[in-house]
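Next up: some structures, all given as structure tokens.
What follows is a pair of complexes built around subunit A, which joins subunit B in one and subunit C in the other.
And then the complex of A and B:
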């Protein structure tokens, strides 16, 4: 398998000389084409920071990230492969949707980064309607504002916004943590189906081990900025090697 | 010890009345841990807040009673409720950062609460404060007492909040999503701590949560709420292992915990009904797989199905 994304010895340090936080410490890992890689760890472990380095929101302090063998960061500049190739869905759909835009404008917004020809192609009304229906919303929702929707519906809008550009790689940062269990199941099912239909690659960031177990092919465990374990899901769950992974698994609350 | 009867609460909203609670009945006995599970908007937090008289001003209790040791809390004057609040009935909130005073040292906050409820001088109160921190397994209580909330981690802050709530010590502890803001490894420590306090001091606990895992770990009895009503209640083991209400069953099936990766999750389609206009009949009728004509006409009452297991569902009843 070829890695779609290759992370090599990445470090991210926040702060200046006196007050330094090493958010990401010397992490190297591949994300293979077509897989869902789960990134798990407690708050402050650096999992969201790593996600931000991949979508161009934060520049690494040192190290290299390649996307389809092309370097993603040159010095402090994000060399995006193709506009809209890498997309993201954030945790809190309350704050990640502009409250003053209508749903249609929200979903179309990423297209403004695309060249004119592609923008016209991807921004057709037919495509928008098909996409909106595919994520489980209705065409008449397009003229409404985010506050008129429930948490689950808002997350569907965020997913449609990520898909409009036809991405290959999506970073999902805790996409269901703000949702109720019954709605979480709807969104997880939708994400799985969309991944199949569009041959997507996911980086799925979550602190919820049972969600990660259900969604991911491989699991990477982060602890205090470092990568402590990475392996196929069943190996991590059945034969955890690192003490932190063992602790994480033993604190999972089982209903039965 | 605590008995809630026919409790109904409405909120006045710009667009009308939100019927947040409709005809709630349950009780808590001494030393018992009762879990209330439900999704957002099910009315679980409103239930806890109503016990302590902490509801917002736009809330209106339209019916029912909350009896605590033969006193109806809803008819008590504010001064008398204040004497119960924190002393006999303690409360732990979800977000420990906002529940603590940000510019007051931990020790001072504890001393303030202790001196509110006990007639002690500063020196004794200080000693009690250190004791309280020790009880929640804080290793360097003297050091923590001199720190501010922002200097502590989320788990430590929640321990402090529990120490505050337990300092009087109360007979009943209301805990509203006490571990939701915490990491999983910290969550299990806090749940163990609550269990220990319950066993050591025989404190009753009413635990509000959306997490069925938390309930299964901690609670003797479980109450399942949906759209402002109780749909099922019984011993936690019975409710989780042989659920009777279609909502409880669906909720358990929507968890990714036991599913194989190639099985889709059984999501509950649709959304929680708008409580400004609660549906006629069973509140779950629009999302239920087993709907019958009667479900759209009449509201099922909570009725016994076996032992201490109660369910509100027409499937369990033959006649209207």
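And then the complex of A and C:
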């Protein structure tokens, strides 16, 4: 299989000389086309930072990231692939939707970065309605404001917004950790189905091992900015190699 | 630049969270302010209907007449009816005050949002220029600007707008610094949307509420400043009926003809006082932290 995204010896250092935090330390990993790669680790392990490097919110200090064999970061400039190709869903649906915009405007927003022809093609009302229904919302919701929705519904809006451009790679940064458990399951199932239907590739960032186990084909475990283990889900779960992974797994079993 | 729809939406949203009318009832000073302003606005709008006189027509035969039924507030040194000139002056003062603050707020919020959003060197340059403007007392700076541009109403308006801009820049910038970190702004960056559309679509609509409050507070100030410049001979030029310049010519006659500067002065006091009361009230109502 060819990697869709290849991360090579990526470092991300915050702060100046005196007060340095190495958020990401020398990480190399591939993300293959069509898979869900789970990125797991405790708070502050650098997993969200790695996600931000991929979507262009933070520049790496050193190292190289390629997307379909094209470099994503040239020095401090983000070389965006086709707009809308890489999308994201953030953790907190309270703050990821602009309170002043209607749902319709929110979902259509990513299209405004596309060339005119593509925008017209993808911005049709039929497509919008189909998408809204697909993510489990109703057409009459389109004229409302985000504060009128529950957390799960907002996350569905955010998912619809990510899908409107027809992306191939989506970075999901703890998409369900702000939701309660029953809603979490619905959203996870929706994501799984959407991935099947649209041939998507997911980078799924989470600290929750059971969510990761349910969603992912492969798991990458991060600890203090470094990559400690990466393998297929069943191998990581059944034969964890690193002590930290074992600890993560044991904490999960205790909770269950 | 400020979409009126967004402004009304902002107000609507606040009505939901704060029952404005309820609070207004319990805030007597603000109610009084609204009533006085409402009265003055009505008088200004209805000016041509309310008085039979022309504010600029000279009638030397009737000069310096005291208050009477023909001329409620008397006449001035060339026989013009003072009440008429006050009413037409109210149109000018209110219009100019609102316009100046609107322009200053629009420009200020945009500069502030740009400054806060981009940060770095752009921010440093803009904010240092604003600090320079803020370092001068506003009135002195406005006077200096008008004097160098040449005394006229337009130049006075421009000067006051320039002097007021830094307040809005700072306000909008501090709001922007908070908004810039919000996920909906970050998402827009990820979608590949350019900075200026992000500022126009996300930052400014969300930063507009405190700016509206500040603007309500400042209209009264702007009216006072226009009058002050008029008084000093830097603002509206005769024969334009303007409160400041009326007081300016009138005070020379104060001992003999007391009514000439007194009535424009009272109206100036009432208008800026009412606007200040409203401004305070609006701030109390919209800012839950300042609840008494």
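Annotations
Convention: the second predicted complex is superposed on the first by the 252 of 256 C-alpha atoms of A that agree within 3 Å, B and C clash if a C-alpha of one lies under 4 Å from a C-alpha of the other, contacts with A are read in each partner's own complex, and residues count from 1 in each chain.
By definition in this document, a contact is a pair of C-beta atoms (placed from the backbone, for glycine too) under 8 Å apart; a residue touches a chain by one contact, two chains touch by 3 or more.
Everything numeric here is computed off the predicted structure, so don't read it as measured data.
Annotation: superposed three-chain arrangement on subunit A; subunit B versus subunit C shows no clash, the two fitting side by side.
By the document's definition of touching, neither partner reaches A:25: not subunit B, not subunit C.
In the superposed three-chain arrangement, the CA centre of subunit A forms the vertex of an angle with the CA centres of subunit B and subunit C, and that angle is 80 degrees when rounded to a multiple of 10.
Contact with subunit B, but none with subunit C, is seen for A:211 once the two complexes are overlaid on the shared chain. Shared-chain residue A:113: touches subunit C; no touch with subunit B. Of the two partner chains placed by the overlay, neither subunit B nor subunit C lies in contact with A:102. In the superposition on chain A, A:152 makes contact with subunit B only, while subunit C stays out of contact range.
By the touch criterion defined above, A:180 reaches subunit B but does not reach subunit C.
Of the two partners subunit B and subunit C, it is B that touches the larger number of subunit A residues. Once you line the two complexes up on chain A, you'll see the smallest CA to CA distance from subunit B to subunit C is 8 Å.
The residues of subunit A shared by its contacts with subunit B and with subunit C come to none at all. Listing the residues of subunit A that touch subunit C in their complex gives 55-57, 80, 83-84, 86-88, 90, 92, 95-101, 109-110, 112-113, 158, 161, 165.
Taken in their complex, subunit A has these residues touching subunit B: 42-43, 150-153, 180-186, 188-189, 192, 207-211, 213-215, 233, 247-248, 250-256. Listing the residues of subunit B that touch subunit A in their complex gives 39-40, 154, 183-188, 210-214, 216-217, 240-241, 250-252, 254-259, 261, 264-269, 271-272.
Residue ranges on subunit C touching subunit A, taken from their complex, read 6, 9-10, 182-184, 186-194, 197, 201-202, 205-206.
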